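Next come two complexes, and both contain subunit A; in the first it sits with subunit B, in the second with subunit C.
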Partner chain A sequence: MAQRFKTSPLGWLARNPIWGFIVLIFIFFSFANPYFFAIQNFQNILVQTSTIGLIALGMTLVMINGNIDLSVGAVVALAASLCIDIQGWAVFASWGNWAILPGVAAALTAGVALGALNGLIVWKTGVDAFIVTLGAMLGVRGLVFVYTKEQSFFAMNFSFSDFGSSNLGPLPTLAVIFLICAVAVHFLLARTVHGRNSYAVGGNRSAAVNAGIRVGPHMLVNFMIVGFFAALAGVTLSSQMGAATPNLGTNYELWVITSVVLGGTKLNGGSGDIVGTMGGVLAIGILRNGMNLMQVPAFYVLVILGMILIAVLLLDKQLNRKGKEEIRL
Partner chain B sequence: MTAPDKTPAPALRLEGIVKTFPGVRALDDVSFEVRHGEVHALLGENGAGKSTLMKVLAGMYQPDEGRIFIEERPVTMRSPLEAKARGVVLIHQELSLAEEMSVAENIYLGELPRRSFGRVDWKTLYANAQAILDRLKCGFGPKDRVGSLSIANRQMVEIARALTVDAKAVVFDEPTASLTDAEKVVLFDIINDLKARGVGIVYISHRMDEIFTLADRISVLRDGAHRGTLIAAETDEDEVIQLMIGRKLDLSRHEREAANLGAVALRVEGLSCGSLFEDVSFEVSEGEVLGFYGLVGAGRTEIAETLFGLRQPTAGSIRIGDETVSVTSPADAIARGISLVPESRKEQGLVLGMNCRDNITLPQVGDLTSGPFVSDGAEVAIFDQYRDLLKIKTPSWRQAVGNLSGGNQQKIVIGKWLAMRPRILIVDEPTRGIDVGSKSEIHALIRDLAKSGYAVIVISSEMPEVLHVSDRIVAMYHGRITRTFDVDEVTEDNLVAAISGIGQDKVA
Partner chain C sequence: MAQTRLESARMPGAEDPAGRRGEKGGGMAGKRLKAVTGVLARQGILVAFALFLIGFALGSDRFLSADNIFSVIRASAIIGVMALGVTVVVIGGNLDLSVGSMLSFSTVLVVDLHDKIGPGPAILVTVLATLCLGAVNGVLVGVARLNSLIVTLGMLSAIQGLTLIYSGGKNVDIANPDGTWFSLFGRGYIADIPTPIVIFGLAAIVLHVAMAYTPFGRRIYATGGNPTAAVFSGIRRSRVVFSTYLISAFTVAIAAVILGSRVMGSQNNVGQGYELQVLAGVILGGTSLLGGSGTIWKTVIGVLILGFIQNGLLLLGFQYYVQWLVTWVVIILAVWLDIAAKRGRLLSPIA
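Then we have the complex of A and B:
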């Protein structure tokens, strides 16, 4: 059944319906709106998707591994606040532009540490990742409000906010960072032992245990990676805005999970890839951008995105149904 | 056992049932009937079509051709609920109960008595459930949570479900698979009671002794076709088995080649793990196949899991070669040269969505790297080697393991462990759910492995299999080794006696 599609481009599309969908909406918006098909706009789309996209890279690992992380949105806010606040500390006043460095380092460290905490709790207690990270989502958001005293921080160093709107050659710097990370995570997932074992643990945990794979460390590493990417997204977002607000990143976990699932990663683990996740992220980015250009009111955009999510997954189920013998409920 | 009345109309009759799936004719013109007050046993090897026939009976599958009669009235049954309403009830092998709900709610699941506004009529519910439990002489109440009951009592709940309707026919699918002897006696009483009330009973089991205790008639399926119906009182096991496998049961055993034995690879002394198994001692040498034979639940799998580091022993010692070891995890076991091909390849052995190559290299992928990445070439080389050695049939290594046949899946699991080059290979139920051809290939493979110097432990519930591959056979009963045989001193009788706890003359 599966090898019938194996090599043909059509088969590839059947397994990754999201990329076919992207082609469709791309063509649609190109004709429907005169401002859509422009290099400037494509750069916009890449920058707009890079925030959700970075987190989605890490989330793909965690979900393939059979877990989920709901705390990423709160981590974005914490990382952004740390980054902006620390670079403005008086101790670093004489550092010039180097003062940005401790801010970024603190943000990324916090992200990795919170990821490690999530991973350790899931590993050592066996409590479901959904519950653990739901707790972390509430707790970390609370921590952000405590830390910021409900205030927004503004970057005093304009080099930091300039970085967010700078270009590297023809591409925006943030888009380049996102693409480099995507390639790195793709190779991590597709070509390394850690990636392979992550699939095995998510696909059949007891078979993985029987193969001598230590399940816990792999989960821990993946939670640390998603924590890192959530923090990195917090840093890039604050650089774009030149500021951090305590409400930053609200609902991001939902957008991230939506993108990853649109890209074909299964909620219960074992399958999915970065090519699909890139598709999911881009599809949402293009839809939001295109509808925005066509001045569709924001609430309708949400309604349409919701319907598309369900429609695409329905299509995926139809295309990749195991056959007639599958139980219908 | 009372002989069935000669005249009664069948409670349930199937006529010319055909059911095909893509590529398989699962049922080919099968006719079958069960009379009121009769126990009709249904037998057949794995894949003979028993479960398909059962699902047709219970309304889960619609037959492509053929007719179903209940008390000689033609019916169509489009769902299990409809079948039940017409008086045909299936007691599943895998119990399908909602564990978090009460006994009463489970008994009336899907048809809770109601009051106005859709509220549940709890009073009627508990009263009715209690009445049924009394009939079955159950030791638990309707408000108990099902999750807190023993497996045997959960089965009682399933049976109680069948009694909520005026059941005309009840189908039991391997009901004793997880019951103790005492619980079996209770179950048989209930079956006999149902029978006395005029219910027609279809009884599916692999256990000959049960079938000859309970059944009035015995029908045999093979390759989707009905091969004959025998009257239990006028036949014997040999005739039934011959019908089932289409030939005489092959109890041949291989010629023992004692000369080939190498050093003792594994010696286990006084090993215990709580009440799962106690005071188990045995040894296995390089070049030898040691068979473990016993009933399900005798503790064989648990011993394998302990040797593989999945369980920790509570007493006793394990020696590998000259070294006394404690195996703390599967990774540890693998490092010490022990491999385990687990009992259930789908649940414990394979990552079904992964391709063949990746499944084979799963335990050693960490050693197949060049730089930071897994080396494609090294992996494909290993896959090719074991595909050729084990004659695995797959169009490509890219094929997902879930798409292979059972026999080829099992070869992938075996290949995975051979590729680790273990000293000691433990194989739990090597041929469960595998077609006859692949079976003999796997048996030959096990012999070859021993010949090339592996110490092999084979756990099996099939007597022909242990006889066929083993040099020595360990018989187990209720967590203890009752006897260790050389294969040439085994007879069917003394082996069956040893695994049933009869005549405990220990030979350690």
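Then we have the complex of A and C:
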């Protein structure tokens, strides 16, 4: 009986309440606003969520591992600035559209390198990831300002910004990239040794060590992955705007962590999955889009999001209390 | 540590009669060395502070002038006062990321109300409103026992929205900055010392005494150190946690009054990012994010280090944002050395 409940759709929904929430707000906005239920708008939502979504994929890995990365917003800004600046260098002037390539490559490399730096520090020094990435959040942002000299960059090559608004078949290219990455990370997490070990390390580190799992390299790889995705998000974002500002990505870490937590990933590590994270990302995307269409001022969206985050936490506490009776007072 | 071991290993190699004495001497030297590394580990933050001061003083002749020192401390006072409150929360085993947006809210409130109901009532209302926000944090973390990181992250966003709703997105300012005693807090002097420094100092002394010498402070340490053990020894955990958030909110209100009085106006996002600087100060002060350890006066040092680094780098002619890079390195080094001293080896033993 219990087994049947676990595998039934209802049981699935109890484990992923966020998808129930998505259905609810989807139905609500469909009736409340005439412009919401349209293919064009759905494409819009996908593109809007792809930036936060990409980072959230990487953040899910890091958080399952029991760590956290606060520096993603700054990495987004650094990647965007690098990407736009380098493709405009005089050296690549004769490359035509291929000049975009070194820009993108440099951005992604920087992201992976910063992720590796964070991961290496967490691994080798044993300092808490929260502190390490808090420092990196300040430091990388400083790096961005020093590098850009507080200037915005603009893409001179219009095919770069055209890429951001192009379509691949029925879907926007950026949404396709996001969905492909989501499937890839889901596969990595659910079907590979690295994924399984990540859960083990996050769930019980000393047990993982005793089982012969090398904790450090897994953390390092996951930090590199989140760095890569943050940089990729920076590239797609700069391609959407055709520009990069040094303040880009401010507060992104908040949005990303909010959506990952909404998706049911625990801060302590050891549990969570990409299906949940997709739910969290989409829930925030649909909420922002729907409230925008209904002309709710942006201020209220902030308040509502904060309250939803806390409400989900409360709900989660109620649902998952079993077996963990704590002392009150 | 490693050095100590090396030395005592080398000592028995000395010739026989002197051997015992040598070994004894080695033990003593080892002890002394251990004591030195112990002091370094415990007071590393002070040593680093002294090194920074000496370095900057050698690099710039204006750095050590009384004027400069006063202006650095005055500029650090706002972050410093908030850091005191956050230290209490962190010692209690929780985090408070909402102080930055709370500062925006309180500053906008006190500046806006100043012209409407007068300075006195404005300060009173602001303190009460800020305490209410702190109480929300306290109930959610203390009573409902939610994860403090996520709760205060949510509150960060919610209070940001609240500020914008209150002000309608417009900046606020005080119409006549010269004709009000409200200017005392940010611009005035008490006995020739700038008021922000006086307030910062007083707050630090009061909180230090409360944390170090009263049962109340001991309860906070106990709760942060081991919540279960604290509950078993009869401490009401939820009340203690609740009160830590009230303290942090109160310090934010004080900081808001100083900031509002200093600027005589406020933007809606004036406190954005302050939570990071505040946390950086607290961490530099050696307070463990796991709770249960840390002291108020070291937080003061941590905040001052940040202030002097910022000031020193500017005086040496670096760009403003270079200080963030330096802060990055300093934070990680400080915590790393602290941990390394505790475990007795530099690198983490995990594979």
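Note that in this section the second predicted complex is superposed on the first by the 317 of 329 C-alpha atoms of A that agree within 3 Å, B and C clash if a C-alpha of one lies under 4 Å from a C-alpha of the other, contacts with A are read in each partner's own complex, and residues count from 1 in each chain.
Operating definition for what follows: a residue touches a chain if its C-beta (ideal position, glycine included) is under 8 Å from a C-beta of that chain, and two chains touch if they have at least 3 such contacts.
Keep in mind that this is a model prediction, so the values were computed, not measured.
In the superposed model, A:192 makes contact with subunit B only, not with subunit C. In the superposed model, C is the one of subunit B and subunit C that contacts more residues of subunit A.
Of the two partner chains, neither subunit B nor subunit C is touched by A:116. Of the two partner chains placed by the overlay, only subunit B lies in contact with A:271; subunit C stays clear of it. In the superposition on chain A, contact is made by A:309 with subunit C only, not with subunit B.
By the touch criterion stated above, A:106 is placed in contact with neither subunit B nor subunit C.
When the two structures are aligned on the shared chain, A:176 is found in touch with neither subunit B nor subunit C. Look at A:214: by the touch rule set out above, it reaches both subunit B and subunit C.
Residues common to the contacts of subunit A with subunit B and with subunit C across the two structures: 209, 214. In the complex of the two chains, the subunit C residues touching subunit A come out as 140, 144-147, 149-151, 153-162, 164-165, 169, 228, 231-232, 236-238, 272, 276, 279-280, 283, 289, 319-325, 327-329, 331-332, 335-336, 339-340, 343, 347-348, 350-351. Contacts from subunit A toward subunit C in the complex involve residues 121, 123-128, 130-132, 134-143, 145-146, 205, 209, 214-216, 250, 254, 257-258, 261, 267, 297-307, 309-310, 313-314, 317, 326-327, 329.
Interface of subunit A with subunit B (complex): residues 1-3, 6, 187, 191-193, 196-197, 199-200, 203-204, 206-214, 270-271, 323-325. Within the complex formed with subunit A, the subunit B residues making contact are 21-22, 308, 310, 329-331, 333-335, 340, 342, 347-354, 358, 362-363, 365-366, 369, 372-374, 395-396, 398-400, 403, 416.
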